[in-house]
Each structure stands twice: as C-alpha cells, then as structure tokens.
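Once you scroll down, you'll see the structures, which are given as structure tokens.
Consider the two complexes below, in which chain A is the common component and chain B and chain C are the respective partners.
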Partner chain A sequence: MPNITVDNETFEFDGQPRLLQLCLETGVDLPHFCYHPSMSAPANCRQCLVEVGMPQINRDTGKPNLDESGQPVIQFMPKLQTSCSLDAAAGMVVRTHKSSELVKRAQKDNLEFLLINHPLDCPICDQAGHCPLQNQTYKHGPEGSRFEFRKVGKPKQIDLGPNVVLDGERCINCTRCVRFTSEISKSHQLTIIERGVRNYPMTPPGIEFDEPYSMNVIDICPVGALTSKDSRFRARIWEMSKTASISTVNARGANCFYWVKDNKIVEVTPRTNMDVNEYWLADEDRLDYRKFNDNRPLGPTISGADVAWDSAYKAVSDCLKGVDGTRIQFLGSAFATVEDNYLLSKLASAVGSAAPTYLAHNEVGHGDTWLRTDDRTPNTNGCERLGIHAADVAALKSRIQSGEVDVLYVLEDDPVAAGLCSVADLSGVKVVLHYYNSTNQTLPAADVAIPAAMAVETVGTLVNDQGHAQRLRPAKSIAGVNRTLSMEIGKCRADRHGTPFDKWYDESNLVNCQPGWVSIPRIAAGLNVEMNYKGPRNIMAELSSANDGFSGATYEAMGEHGVRLSEMGVTA
Partner chain B sequence: MEAKKTKAGDWRSYQRVLLPPVKDLHKLDVYENNEGYKALREVLTTAKWDPTSVTNEVKKSGLKGRGGAGFPTGLKWSFMPPVDPNIPRFLCCNGDESEPGTFKDRQLMEYNPHLVFEGMLIASYAMSIKTGYLYIRGEFADWITLMEEELEKAYAKGYVGKNIMGSDFSCDIVIHKGAGAYICGEESSLMSSLEGQRAYPRVKPPFPAQKGVWGYPTTINNVETLACAPLIINKGGEWFSKIGAPSHPGPVLYGISGHVNRPGVFEYPTGMLITDLIDEVAGGMRGGKKLKALIPGGSSTPILRADMIEGVTMDADSLRDAGSMMGTSGMLIMDEDVDIVSWLRRITHFYHHETCGQCTPCREGTGWLENIVTRLDEGNGQLRDLDILLDLCTQMEGRTVCALADAAAWPVRYTIDRFRSEFEAKCSTDSVPGGGVLETA
Partner chain C sequence: MGDFIKHPFVDMPDRNPEQVIPNDSLMFTSEEKTQIQTWISRYPTADGAVMRGLWLAQEKFGFLPPEVIKLVAEEIGIPYANAYGVATFYTQYFKEKKGKHVLDICTCFSCQLCGGYDMLHYVEEKLGVHSGETTEDGMFTIQEAECLGACGSAPMLQITNGVFVHNLNKDKIDALLDALREGNVPAFTSVTLPQDEDDLGGNRRTDVTSVESYIVPPVSETLS
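On to the complex of A and B.
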C-alpha cells in the first residue's frame, strides 16, 4: 500500500482518498467548511490549506532523488494547497497546522476574513454550540478583529421554502446547500445569487425550496444561516439530549438522532449510516415527531375508566381466558418492534389462535427512489420474517361483521382509522388495544386500553424494506421505573457537549405507558404462560438463533449501524 | 530625432500585420483580397501541414499568450491529450477583455474579425478541435453583431463549418455573449459561464486540457494570441520570432491610455522602450506634464514610478527586472497631478466589485482593502492602516482558486511600496483610531 507522511508521521493508505478526508480519518483535525465527503470539492472556503510536497523525480532515471541520508528529496509546492481538492498520492509529504507556521497563519488569516462580515451574534444564533465556524475560530482563529467598518448587510429571515429559513448575513458561502440540490437531491432549487461579498443562496425566480429533502441543507450548513422553520429557536443545543436511533415514518428506517428537552422530542436530525441513508434524512422523517409529545394517554383504562396497570393486565388476561382460540383475532403491527410482535405471536399460539396478521399502511405513490417509501410503517419486513403477514382486510372485516370474532387483540395500531371496521362493528367484540395516542379512533370500542411506549421510548428492533435490522433506543423516559430502559438510556448517551443529562432526566412530561415487551409477558403470566426474558436484548438473542430470517441480528451485532439480514426468510 | 537602438529594432518603419491599414478589412471580401484565409487554405490543402507541424510552427514562433499570463502558446496547445474520436474537444477564444486599462482585443474584433476566425480555425486544426467558442463580453454589443454577420458570411463561403475548403476538416465557431463580469475572463470561469453556470472559477487541477468545457479537453487563448496564428503560418515561425524582444517576440497591440496626447491602440513589436511608447507613439505627456507613474499591462500589473522606467522595454524579461509584468500590455499613464491614493481607491473598488465571491480571502479581502484605502483617501486613515493593508495582501495572495485575489492585492502592495510617502501624507493625525465607521460602498 502507498505511504503518505503527515506532520512527520508516515502511514499507509488505501484507494484514492482526498487528502483532507484522509487527514480527518487519521485524527488530524484539519479545519474546513466547504468540503463534504459526499459532494464535489470546489475548494472555495480556503480553510483547509496545507503544505504539500512530493518526492523530486530525477528526469534521467525516473527515480526519486535521494539526499545524503538516503531519503527522497521532497519538493514542496510553491503555494499552499487545499487538501479537500487534492487526492492523496504515494510519497506525498504534508504539513498541517501541527507542524507548519505557514499553515497555522493561513488558517488564522482565513478565519479572520470569514468573521469580518459574519454577524457574530452567536448568543442568539441557533448554531452556537455546534457551529463549525465557532468551534474552529476558538481553535484556530485570531483573538480579535482588526475590521473597523460596517459589515455587509444582506437579507435575513427569508423563507426559502416551507421548511427552511435563510439568514443571508450568516452565510459563509460554502455552497454546500447549493451543491446538495445540484449533486445529491438533484432538485436544483438553490443557487447563489448576487456577486462577491453580497453572495447568498436563493431559489430561482418563481421556485420554492420545497423538495422532500430540503432540510438536509440545515444540517450541512456550517453556520447558522439555514434553520428549520419548525424547530428554530426552541432549544439551545446544550439544553437537549440526543439519542442515536431510527426514524419510523416510513419503511426505510433512516438513522437519526432524536433531540429531547424536558422529555419532549424537539428535533430529529440525520445520523450517518452509509448502508441505509448515508448522511441524509427526508423532511417527513424530521417533521412527524409531535405524535411522540402530544395526545398521549394518561394510563391504562377499562371501558374508558382509569385503572391501575395490574388491573388492566388482569382484565386483558380475562378477555382471553376460556375463549375458543379460533375466535380470537390477533393483529400484530408493522409500527411495533420485532420483539413485541414476536411476543404477540407467542401469546397467540399459547391461546390456540392463528398467527397474528398486521394491517398494511401503504400510500401508493408516496415513495420515491431515494429514502421515502409507499409503506408508512417501519417494520413490515420484520413482521413478515416473523410469519406475521398482511391481513386480508375485506375477509377480516366480514368475519368481524358476521360475528365470527369474539376478541380482537390489537397491538399498536388503529383498525378503525385504517378502515378495517367501524366502532359500531365492534360492539359485540371484546377489544384489547395497545395504543400510542388518545386520538386513536378504535379507543371508544376498546374494552381494555393499554398505553404503549412509542419508538422514542422503547428498546427494540426494526427491519427496513431492504432487510436491514436496526435498533431503536429510548430517547426519553416514561413514567415508572424500568431498569432495562434506564440502562439502555445510559448506554446510548453520546454526550458531545459536556453537560450531564439532567435535562433529559426531567420529571415533567413522563408518559404513563409501557413497552410491549413489558406488558405482553404480564398478560401472558395471567394465563399461566411463561415468557421469561430479561428484556428485548434476550428476545433478539433467541430470535437470531431460532429464526433464519433474523440470523446474526443480536443487539451486539446491530450496534449503531444495524445488520443486513439475508434474503432468506422473507416470505412476501 | 535619433533612433535609439532597442529590442524593437527599427520600429518606426514597422509594417502592421495584426491591424494593417486597410480600409474595411472587417468585410470578408476585403479580407479575402488581402491574403485572407490564405493561411487556412495552406494548412488544409498542403501535405506539409499536419496538426503537429502547425503546433510546432507556433512553438517555433515563440508566441506567448496575450491574455495576461504570457504562457507559451505552442506549449499550451501541445498539452491537449491524444485525439480520441469519441471525446469532443473545444477551443475557447477569450474575448472578455475587462481588465482596467485593457482595450486591445476590441480593436481586433472591430477591424480584423476574420483574422480572429482564421486563427481560431488554425488552432482548431492543430488540436483536432471541431468546435470553437468565441466568448465576448456583452458590453461589446456592436462588435458582437458585426462579428456575427461576418461569421455568417464566412460560413456561406465555406471557410467555417463542414469540410472546410473541401478538406475533411470541419469546425464550427460559436459566438457567445457574456453578461458583463470581469471574472468571466478567467479561463475556468469562462468555461463555467459558457456552460450556463454561475461564472465561478474552478480549482486546478484538473486543467482545461484535461477537463474543460462540458468536462472535455479544452484550450483557451486570448483573441490577440489566436490572431497571430495565421501570420505565423503565412510568414513562418522564424519570421515571427525575429520581431521584437527575442524572449517574448511578435507584434503586440499596446493599449495606451491616460495622460498622453494620443491615447489609443498601437501595433508595434514587443520590446519597445516604455519611453518611446509614451513620448513618440502616444505623442508625449498631455499638457507637457511630467510622468508620475504607469502600469504597463492592465491594472493588476505592479505600478512603476517614473524613475523606474529608464531603459525598460515592453517584454516579460525587462519588465520583470524593473519590478512589474507585461500583462495585457494595456498601459495606463499617469501624470504628476494624479493622487495615487485616490487612484488606488478606484482600483480597489473595481476588484471589490468584480470578485466572484467564491473564495473567502478574495470575497472578504477585496472589500476590506477598499474600505481602508477609502478611509485613507478621505484623510481618516492611520499609519497602521498601511501595515494592515500589506498584511491583507499577504493573506490573499496565492491562497485562492483563481488569480483575481492576486490581481487585487498587487496594486495595493506595490502602490504602497512605491508611493509610501503619499499614503503617509494622507494619514490622519487624529488620535482616534479608525476615525469613525465608514459606509461600505
């Protein structure tokens, strides 16, 4: 493998990486703004300058010239080079700010320039605290400014589209946002307008920045110029905790971070996973989070009356007791985790019922060729692998209407809203409902209603449409003490901002709900059916060895980036 | 007057070749009657001239680019990769001419457009190119119309287009009108602009010969550079190499402006004494004033004080020794009444106005330079401002995508360097630093 020397340290490299990327990967923290690994490198911010030399080649022999000590003579390029636009090459010698005063000075000079027309109103800027410009200025910038003139004024608070707001003055013209629309999403909805120091990104006349992926530019903007219309100014970065998890808005299961303040989700941002969503997240994945905060149930109910959890569990067990298994209909859920659906299957078979089915939630035409899918649920693939297949809605409806179903057991779904049947159709049916929101339209028909933990409150596994099994992690806590959840929460904290998670461990806004892997074993126990698992981790451990469709999908293996399951075991 | 012996030789009896004194030469029939398209015919119909031999002849001529950088033209042509029939190749003729003090390409486009076309065709033949773009700044509207009309005639006569003069060489010329930005003259910006994109210069490498217009091999030359090609074919590279300064030979268009009696564009050999150009060619200083300073080749070339030009000739070597550059040979002559700080203020305004804004040092630096020079010019500057200015130049030079940042910094650096006392004299004695906040322009 070829060698490269950076700051007197020589190491091998593979392939044809760009020099900046290589430096970053080997731990040399080179400041940069315009470079993004997924896009072209226009080298316009000029922050990543380094000294670059190559072995001097003897014209006659074609071999490198050697000095007295037998080392190749290195010829340095006359000018500093942008490391983002340069491919690493064999024998290259690089000096960064760690070993070159020239580079250090260039980095400082550049930051001085970047800041002269920057508003420097960090105290009221949403980016403060996670701002590359702020961070790099502290690390490499000048101490003060020599600029004694009025800063350039540019338009502020411009709605580029429904979801993204621009502050032209904060923009440092890195063109990342523009390149996102021209190279990644290909919507071509942004361009730079004006010239020189007045430059800023804008939509072409008559065009709105309304592509379904528009909010990605907010994350890649290295300053606070682009903000989310939805979540701007709602919380400082250090007031939130952030949890690495999975989006559940569609079947792709894009990797994301859930940002929580006072036990409420305030923002959803992408988390890099090159196997699933790369660096990106669709707007729908970011904006559909209020369901986690609003209209949450207050606790379990029997026929609408508040009860204690134990009574609710007992009531469910009683519903199932002594009923002919063939007259009980279990509905699994593609919203629920693999673990919960698996336990439900076990419960169904314990009472002599057929395997559960699930209600498909397809929105034909909604999907695209990128991250959005027609399927609006996160775990269809996981259900299928468990042998839980889509319900024949018409057949089931007529069975319910003709009185062939005595008990309808619903895991985390809403059959009335989904059009399976009406509340009236269910008048003669005992209905057990695990549900998320008080807006659930099946609720009026429920005999026992069990508030279920949502994706942001539980531990579990989802399998995306490509067969990628990934872990959900709890981003916020629920009422009551659950050791498993607490431990998972403790484990997934990646505190980048040095604050303890006191904001997350807030007593307010705790929802009184339970994960399926807590409630289903309790219900089973009432039927003298044993489900002895320490938690979802053990359920997956069992599944990964017992079911070929989940082979290899242990929690340890899934880690932060999931596991691609084999094609086998998928029964469409 | 006794003729001094200079590199330009007997320049008083020099016969013009780029802009010969022929009435209506811009018209195709007149051009034809004056050896028009003879070089092209010779190249296309004589076995002697294969593409490589044309390039070699240009190399032999010693022609250096007239667009500002003075790069050897034949060498540039030989950078084009080997021909691959599946990969198109392009020529760009750079007629964006916007550097302050430069107005010589315009003259060629107005008075001898077919020479430019013919030069483009010969260059295209030499590099096996089938499409040549002629990029002209939009402000030259009249000459664009004129050239379009003449190009149509040349097409009709079979000088341009399919199977030119019955040969198997086909080449189109496309005239493209710029929208009026100095930066479009920078070669990679020109290509972006041509492609319909924002005229941002591109990082090099890749160089145009590797990845140019539409991502294909491309060569870019100045209008005047290409206009030399037919002359070199007609009279030989050797003939060309003997005109003017041996290291920087050929006829050149001197665009002389400023405080002289007869400003204008003058064709003479390279290597002319600056003093001859001012005193004789341009008719001497206006109103009998004394020369104070001049810039030899467009506003970005370092300024020379009157006492620095004794014996200096207009070619790369001599000007380098004197502390400047040939640039575009657009000479700006300033007399003793010029307030050099005010002049610099106008120049810094230009670069501030014209930076494309892509690179941080250039986008931010050009404005800051103008801010400070303005403050100095208004008498509110401080001595330390001069140090800041020089510092800012260091922070800009050689650290950007294209050379505009250098072009903006050099006038500041060299003007302060060579006229420091005038700057100091304008500094405020007011002890309040900054003397108040100024509006940006």
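On to the complex of A and C.
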C-alpha cells in the first residue's frame, strides 16, 4: 500500500482519497469550511492550506535523488496547496499547521480575511457553540480584528423557503448549500449571486427554496447563515442533550439525533450512516417531532376515568380472560418496535388468537427515489419478518360490524383514523388501546386506554424498508423511570442505553406512559402467561437466534449503525 | 460604487419581480437558436455557452430581466439558478433597463490617479445625473467601473460594453457626448503596446495617426 507522510508520521492509505479526507481520518484535524466528503471540492474557503512535497526524481535514472543521509530529497511545491482538492499520492510529504509555521500563519490570516465582513454576532447566533467558524477561529484564528472600517451589510432574515432562513452577512460563501442543491438533491434552487464582497447565496427570482430536503443546508452550513425557521432561537446547543436514534416518519428509518431540552424534543438533525441515509435527512423527518411533545396522555384510563397502572393492566387481562381466542382481534403496529410486536404475537398465541395483523399506512405518491417512502410507518418490514402481515381492512371491517369480534386489542395505532371502522362500530366491542397521543380518534371507543411510550422514549428495534435493523434509544425520560440510576458516571455521560439523556432535566414534562415491552408482560402476567425478559435487549437476543429473519440483529451487533438483515422472511 | 463605500449595504434583489418582456416576444428566433447550439457544441458541457447566450439575449432584449435569464437557461439546457448566478456576477450584464449609451468611467487606481474621478464628476454635472443613474431622456447611463485594463491611456471610459475612449479630458468628453447624441459611436482605436515601439518609430502615444497599419480587431469580432 502506498505511504504518505503527514507531520513526520507515515500512514498507509488505500485508493485515491483526497488529502484533506485522509488527514481527517488519520486524526490530523485540518481546519476547513467548504469541503464536504460527499461533494466536489471547489477549494474556495482556502482554510485547508498545507505544504505539500514529493520526492525529487532524477530525470536520468528515474529514481529519487538521495541526500547525504540516504533519505529522498523532498521537493516542496512553491506555494501552499489546498488539501481538499489534492489527491493523496504515494511518497507525498505533507506539513500541516502542527509542524509548519507557514501553514499556521496562512490559516490564521485566512481566518482574519473570512472574518472581515462577518458580523461576529455569535451571542445571538443559533450556530454558536457548534459553529466551525467559531471553533476554528478560537483554535487557529487571530486574537482580534484589525479591520477598522464599516463592515459590508447584507440582507438578513430572508425566508429562502418555507423552512430555511438566510442571514447574508454571516455567509462566508463556501458554496456548500449551492453544491448540495446542484450535486446532491439536484433541485438547482440556490446560487451565489453578485460578486466580491457583495455575494451571498440566493434563489433566483420567482423561485422558492422549497425542495423536500432543503433543511440539509442548515447542517452543512459552516456558519450561522442558514438556520432553521422552525427551531431558530429556541435552544442553544449546550442546553440540549442529543441522542443517536432513528427517524420514524417513513419506512427508510433515516439515522438522526433527537435534541432534547427540558425533556422535550426541540430539534431533529441527521446522523451519518452510509448504509441508510448517508449525511442527509428529509425535512419531514425533522419537522414531525411535535407529536412527541404535544397532546400526550396523562395516564391510563378505563372508560375515560383515570386509574392506576396496576388497575389498567388488570382490566386488560380481565377483558381477554374467558373470551374465545378466535373472537379476539389483535392489531400489531408498524409504528411499534419489533420487540413490542413480538410480545404481542406471543400474547395472541397464548390466548389462542390468530397472529396479529397491522394497519398499513401507505400514502401513494409521497415517496421519492431517495429518503422518503410511500409507507409512513417505520417498521413494516419488521412486522412482516415477525409474521405480522397487513390487515385486510375490508374483511376486518365487516367482521367487526357483524359482531364477530368481541375484543379488539390495538397496539400503538389508531384504527378509527385509519378508516378501519367508526367509533359507533366499536360500541359492542371491548377495545384495548395502546396509544401515543390524546388526539387518537379511537380513544372514545377504548375500554382500557394505555399510554404507550413513543419512539423517543422507548428502547427497541425497527427494520427499514431495505431490511436494515436499527436501534431506537430513549432520548427523553418518562414518568416512573428514574434514569439517573442508569447513568454510568455522572451527568453528560452516556447511560446504559448509550444515550446522554436530558441534562436539563425537568420533572414537569415527564409523560406518564409505558413502553410495550413493559406493559405487555404485565398484561400477560394477569393471564398467567409468563414473559420473563429483563428488557428489549434480551427479547432481541432471543429473536435473533429464534427467527431467521432477524439473525444477527442483536443489540451489540446493531450498535450505532444497525445491521443489514438477509432477504429471508420478507414477504412485503 | 462610491455610495457603496460610504454605506456598504448590499440590496436584496426583488425576489418576485413583475415580468417586463411580454411572453409573445420572449423567444429566440431559429437563427439565434442555431447560433446558441453552435456555441454549446464548442464546449465540453453546455454550461460553457451561458455567457455567450446571455450576451446574445442582452443584445436582443437590451437588458436581462429574470425572464430573459430563464429563457437563456432553458435554451442552453442548464439550471436557471446557474444562469442567474452568472448574470449577476458580471457587471457587464445589465439586470435592469439602462440608457441607450452606458458610460463606464474607470475610477480604479491608475485612472483615479490620472483624474478618473474628475472625469466622472464632469460627466455627472454635465448630464445632471449621478453615477448609476440614467438621464431622463433615456440617452445615457453613467457607471463607475473598476479596471478595464487600459491603464496606459488613463483616464478612460467604455461605451456600452464596447469601444474604449482613451486619454479623457473635458473637451473629449464634450465632443463624445455630442457625437453620441447624434448617434455617432466612436470607432475602435488601437492602443500601442511597448513591444510595438519598433514598428511605430519609438512612439508610445496611443493617439498617433500612424497606427492604421496595426489595427487588431477585438477578439470578440474575430469569433463568430
């Protein structure tokens, strides 16, 4: 393998990586703004300059010239090179700011130039705290400004589109956003307009920046020029804890971070997973988080009356007791985790009922060829692998209407809103409902209503449409669970789920709900059915060995980036 | 530009401007389309033809409102945003309606030192409008320009992205404005370069009469 020497340390490399990427991967923290690994390198921020040399080759012999000590003579390029636009080559010798005063000086001076017309409004800027420009200025930049003139003012607070706000002054014209629209999303909605000190990114007249992936430019913006209209000015970065989890808005299960403040989700940002969503996240994944915060239930109810958890579980067991299994209809849910659906199907078989079915939530025409899918549920594939198939809505409806169903057990779904039946149809049916939001339209018909933990509160596994099994981690806390007990060392450290949960902990926003893997075994216990699992980790360990469709999908193997399951067992 | 130095604020372009060129005249003729295709075939990708295309459109429509930029982009087959970025980058593309003659008076370093601002202010006073404005009769637009590459004959001006007028003085400006009002745009004048001194008998002045033998037309005229 070819070698490259960076700051007197020699590394081996593979293929033809760009020099900057190679340095970053080998731990040399080269400052940069415009470079992004998924896009072309225009080399216009000039921040990643390094000294680059190659061994001097003797033209007659074709061999490297050697100095007195027998080492090859290195011929350095006369000027500093932008490492982002340079391919690494065998024998290349690189000096970065760690070993070269010249590079150090270049980086410092370049930052001074970048900051000439930058407003330095960090105290009111949403990017402050996770701003590459701010961080790199502290690390490599000048101590103060020597610019004594009026800074150039540019348009501020411009709505580029429905979700993105531009502050022209903060922009350093790295063109990452423009390249995103031209190379990644191919919407071609942004361009840099004007020239010199006057330029900034803009849509052409008559065009709105309204593509379904527009908010990705907010993440890749290395300054605070592009901010989210939805979450700007709502929380500083250091007031939130972020949890690596996955999005549940569509069947792709894009990897994301849930940002939590005061035990409420404030923002959703993408998390890199080259197998699923690469660096990107659709706008719908980012904006559909209010369901986690608003209209959450206050606690379990029996026929609308608040009860204690124990009474509710007993009531559910009583509903199922003594009823002919064939007259109980279990509805699994493609919103719920693999573990919860697995426990439900165990419960169903324990009471002699048929395997659960789930309600499909397909929105034809919603999907695209990228990260959005027609299927608006996160776990259809997981349900299918468990042998839980989509319900025949018409047949089930006629069964309910003709009184063939005595008990309808609904796991984390809303059959009324999904069009399965009306509340009146369910008047003669005992309904057990695990539900997320108090806006659930089946709630008036529910005999026992059990608030269920949502994707941001539970631990579990979801399988995306491509068969990628991924873990959900609890981003926020629920009532009745003291997560400080599961912290390993102290606040700000990951707890046993691998999540640094809300360090701005607030008792008032705890939702009184229970995850399915807690409530279903409690209900089963009331029917003298044993489900002895310590937690979802053990359920998944059992499933991965018992069900071929999940082989290899243990929590340890899934880790941060999930496991691609084999095609087996997929009937969808 | 002078105003920008005192009050450095970049204006926001109108994001939803009204259409200026009516739809029925917003099109290229078949000859123009063929011409654009010829240009496209000259470059490895179609993007290369955007500047030529914009130029053609500016000559046809007089200036480049957004709908014209869009027309060019569609004709060349490139994204509208790219064409718009190019059009706003170059000051020689007029984004709004200008006078019949646009006087780009150079006030960059060499011209400034040789009286560029005096020339600018003289023209401003004479026409009664400021830099960046158009006279009421729609005849002249005055603009300050950055270096146009004719420092050897400073101060100078350019007429509507075309001919240069070298070695300006007040009399020359008076004569120029009169000629332009009558519709006489001055002819191209060659500027001698140091390496031509031998041909010209050591005379480095640009306004000598003996340059007839050495007139090189602008590159743009040699390409079709």
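As a working rule, the second predicted complex is superposed on the first by the 549 of 572 C-alpha atoms of A that agree within 3 Å, B and C clash if a C-alpha of one lies under 4 Å from a C-alpha of the other, contacts with A are read in each partner's own complex, and residues count from 1 in each chain.
As a working rule, contacts are C-beta pairs under 8 Å (C-beta built on N, C-alpha and C of every residue); 3 or more make two chains touch, one makes a residue touch a chain.
The model shown is predicted, which means the values in this text are computed figures rather than measured ones.
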item: Fit or clash between chain C and chain B when superposed on chain A; value: clash
item: Which superposed partner A:R483 touches (first chain B, second chain C, both, neither); value: neither
item: Partner chain in contact with A:T203 - chain B first, chain C second, else both or neither; value: second
item: Partner chain in contact with A:T191 - chain B first, chain C second, else both or neither; value: both
item: First, second, both or neither for A:G168, with chain B first and chain C second; value: second
item: Touching partner for A:R150 - first (chain B), second (chain C), both, neither; value: both
item: Which superposed partner A:I158 touches (first chain B, second chain C, both, neither); value: second
item: Partner chain in contact with A:R59 - chain B first, chain C second, else both or neither; value: neither
item: Chain C versus chain B, contacts on chain A by residue; value: B
item: Interface residues of chain A shared between complexes with chain B and chain C; value: 150, 152, 191-192, 194-195, 197-199
item: Residue ranges of chain C touching chain A (in the complex, touch as defined); value: 8-17, 66, 69-70, 79-82, 84-85, 88-91
item: Chain B residues touching chain A - in the complex, by the definition given at the top; value: 181, 198, 200, 202-203, 352-361, 363-368, 371, 388, 394-395, 398-401, 433-434, 437-440
item: Chain A residues within the chain B interface of the complex; value: 41-47, 49, 78-80, 82, 85, 106, 109-110, 112-114, 116-117, 146-150, 152, 172-173, 175, 191-192, 194-199
item: Chain C-touching residues of chain A, taken from the complex the two chains share; value: 150-155, 158, 168, 178, 181-182, 188-195, 197-200, 202-207
